[in-house]
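Each in structure tokens, the structures are laid out below.
One chain, chain A, appears in both complexes that follow, with chain B as partner in the first and chain C in the second.
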Partner chain A sequence: MFDVSKENEGTHVRIILQGDLTSATAPQLESALAGYLAGGGPPDWLLDLGQLGFSSSAGLRVFLAYAKKIKNAKGRLVLCNLQPNVREVFDVSGFTQIFTIESGADEARRHFAA
Partner chain B sequence: MNPPEGAPPAKSIVLPGALESLGPLADFVHAAARETGLDQKAAYRLHLAVDEVATNVITHAYAEKGVQGSIHLHAQVDPDALRIHLEDTGEPYDPTVQSDPEDINLPLEERGVGGLGIFLAKRNVDGFHYERRGDRNRVTFVVKRPPGQA
Partner chain C sequence: MSHSHTASQGGDKEAATRSAAIAAGLDLLFSLAALVAASSSVILADFLKTLLEFIAVLIAWLALRRIQHGANHEFDYGVGKLENLSSLVVGVLMVGCLLLIVVNAVRNLLHPGEISGIGVWISLANQVIYVFVNSWLSLRSRRLAREQNSPLMASQAGLFFTKALANGFILLSLGLSLWLIRFSWSHYIDPVASLIIAGSILFAALGIFKSSTFDLLDRTLEENSQLAILRALARHFDSYEELHEVRSRRAGSHVFVEIILGFPPEQTTAVTAAVAKRLKAELEREIPGSRVTIGIA
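Coming up: the complex of A and B.
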């Protein structure tokens, strides 16, 4: 089970991921994010992983692809609320160094404050 | 007929070699982990390892080659460890000898995720073994049981 939704919070969009990211569900995330990027909303994205219970390398592949796309579009990407198990996968994969990761949504929003 | 209440989880399951099987695969691994008394973190890591190898089989051994196949899972609860065996009927392939990705410390622009799946599989279990048995590849994942539960 996996679900993704988005809220426009003014300075940025907050994208909320729920459930498990595997090779079976990653295409769902990929197409949702492609739609958000094409939709012409705020260029800065807050990815809220608080309800993401699992991510395999298929999920990491999507995160990496969109980190590059958002950077190319001159936007900023901040991740928050990673569960400890997901955080460990980020650490082991070297993703902690290449992503901006905050503990909570409030800390993450400070990156976008005018 | 449903199994009786409180019955131990199935020790073996055969799933279609398709990505949709990754959900039932997760359920199978978590049930075996529960039965073995693994904590939530160990169960997560085992699930990750089995998911990555199964994804590789489904994607590379079956889908890319246009081959129909199955994923056979067997849970072996031993006094010292939980062993999950994953078998497929693809061409002989040993994931345990795959070298680790070399770009893990590179900056964003140069990062890829090639080879990351098997790297994660290897890193997240206590033992990761391969053998060819007849027309099948068998990968065995070993997770040691916590002390005092044997």
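Coming up: the complex of A and C.
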């Protein structure tokens, strides 16, 4: 079970991920993100992973690809609310070095206010 | 990996399998001699098992000879699959052997009798020798399997470990049967020991089936290797502009990874090529048996 939803918060888009990101559900995330990117709107993205229980390498690959796409579109990407096991795969894959990660949504929003 | 290095690795494996085939052939002769001169269900089971194992080792040796002779030509991309097919044949033969031992053991449980004949002593001597021979062959195959990432050598290591265990059990079974011969219940030691050997063979056969059938199919990489790819892409995050695609598959003992990256148009070809070369080298070092292609979109 996996779901992606989007909220426009004015200066940025907040994208909420729920469920598990596996090789079966990663294409769903990719397709949703492609739709948001093509649909215009604010260039800055806040990815809220508070309800994401697990991410396989297939999910991580989508994050990596979209980190590049958002950067190329002159936007900023901030991740927040990572659960411990999601945080662990981010650590193992070296993603904590390349992503801006905040503990909560409020802390993440400050990046866009600045 | 250079062709001469590959050929040298193939030569090591062929030499190891040849000596294993010779050892198995001699074991077969001793087992036959013991069978002819003895009345024991364990010795009969040992002969049947040794015969099938000899065939299995012979197939492995012939497969490796074929691979070795075509190592730089037609088998360049097929060695992994041929090795896995040999492993699968070994597994099928082990199942056949298992059935023969079980049928024989059940028959002797229904009609127990004491072991007798000079063949029992021939078999005892044979087991003592082959506990050491098979242990040595297993350790040698295991080392080669680890060094060369070879499923065939891994299956050979499993096979010889099982054989060494079986030798130990047969030795114990025959020794106890002789020592306790005055007790009627000792007649059951022989068939029960056969069933224990059958159990160890089943365990080894299942392992071979699992790894060979899994590797025979082209499949995507395990999660550890996928994470290694992502780690490398994260390390070089600022060196490319876009990540288009990552494709990977495993075929036999080989791993193929294809990464399609986008680079800034203003970047020189030399810089782009240097990034691709570094990424390829790092990944091939990190993922054993991998061939990495960096595509530029």
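Note that the second predicted complex is superposed on the first by the 113 of 114 C-alpha atoms of A that agree within 3 Å, B and C clash if a C-alpha of one lies under 4 Å from a C-alpha of the other, contacts with A are read in each partner's own complex, and residues count from 1 in each chain.
Here is the rule we use: a residue touches a chain if its C-beta (ideal position, glycine included) is under 8 Å from a C-beta of that chain, and two chains touch if they have at least 3 such contacts.
This is a predicted model, so every value here is computed, not measured.
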### Query
Since both structures carry chain A, what do chain B and chain C do when superposed there: clash or fit?
clash
### Task
Pick one for A:Asn85: touches chain B only (first), chain C only (second), both, or neither.
first
### Task
Figure out whether A:Met1 sits in contact with chain B (first) or chain C (second), or with both, or with neither.
first
### Message
Quick check for you: in the superposed arrangement, does A:Gly94 touch first (chain B), second (chain C), both or neither?
### Response
both
### Query
What is the contact status of A:Asp20 with respect to chain B (first) and chain C (second): first, second, both, or neither?
first
### Message
A:Arg61 in the overlay: touching chain B, chain C, both, or neither? Say first, second, both or neither.
### Response
both
### Task
Determine, under the contact definition given at the top, whether A:Ser103 touches first (chain B), second (chain C), both, or neither.
neither
### Task
Scan A:Lys69 for contacts with chain B and chain C and give back first, second, both or neither.
second
### Query
Now for A:Gln51: first (chain B), second (chain C), both, or neither, which partner does it touch?
neither
### Summary
On chain A, the footprints of chain B and chain C overlap at residues 23, 56-58, 60-61, 64, 67-68, 89, 92-94, 97-98
### Task
Write out the stretch or stretches of chain C touching chain A in their complex.
220, 223, 226-227, 229-231, 233-235, 237, 240-244, 246
#### Entry: Footprint of chain C on chain A - complex, ascending
23, 56-58, 60-61, 64-65, 67-69, 72, 89, 92-95, 97-98
### Summary
Seen from chain B, its contact residues with chain A in the complex are 19-20, 22-23, 26, 40-41, 44-45, 47-48, 51-52, 55, 58-59, 104-109, 111-113, 116-117, 119-120, 123
### Query
For chain A, which residues count as touching chain B in their complex?
1, 20, 22-24, 54, 56-58, 60-61, 64, 67-68, 71, 84-85, 89, 92-94, 97-98
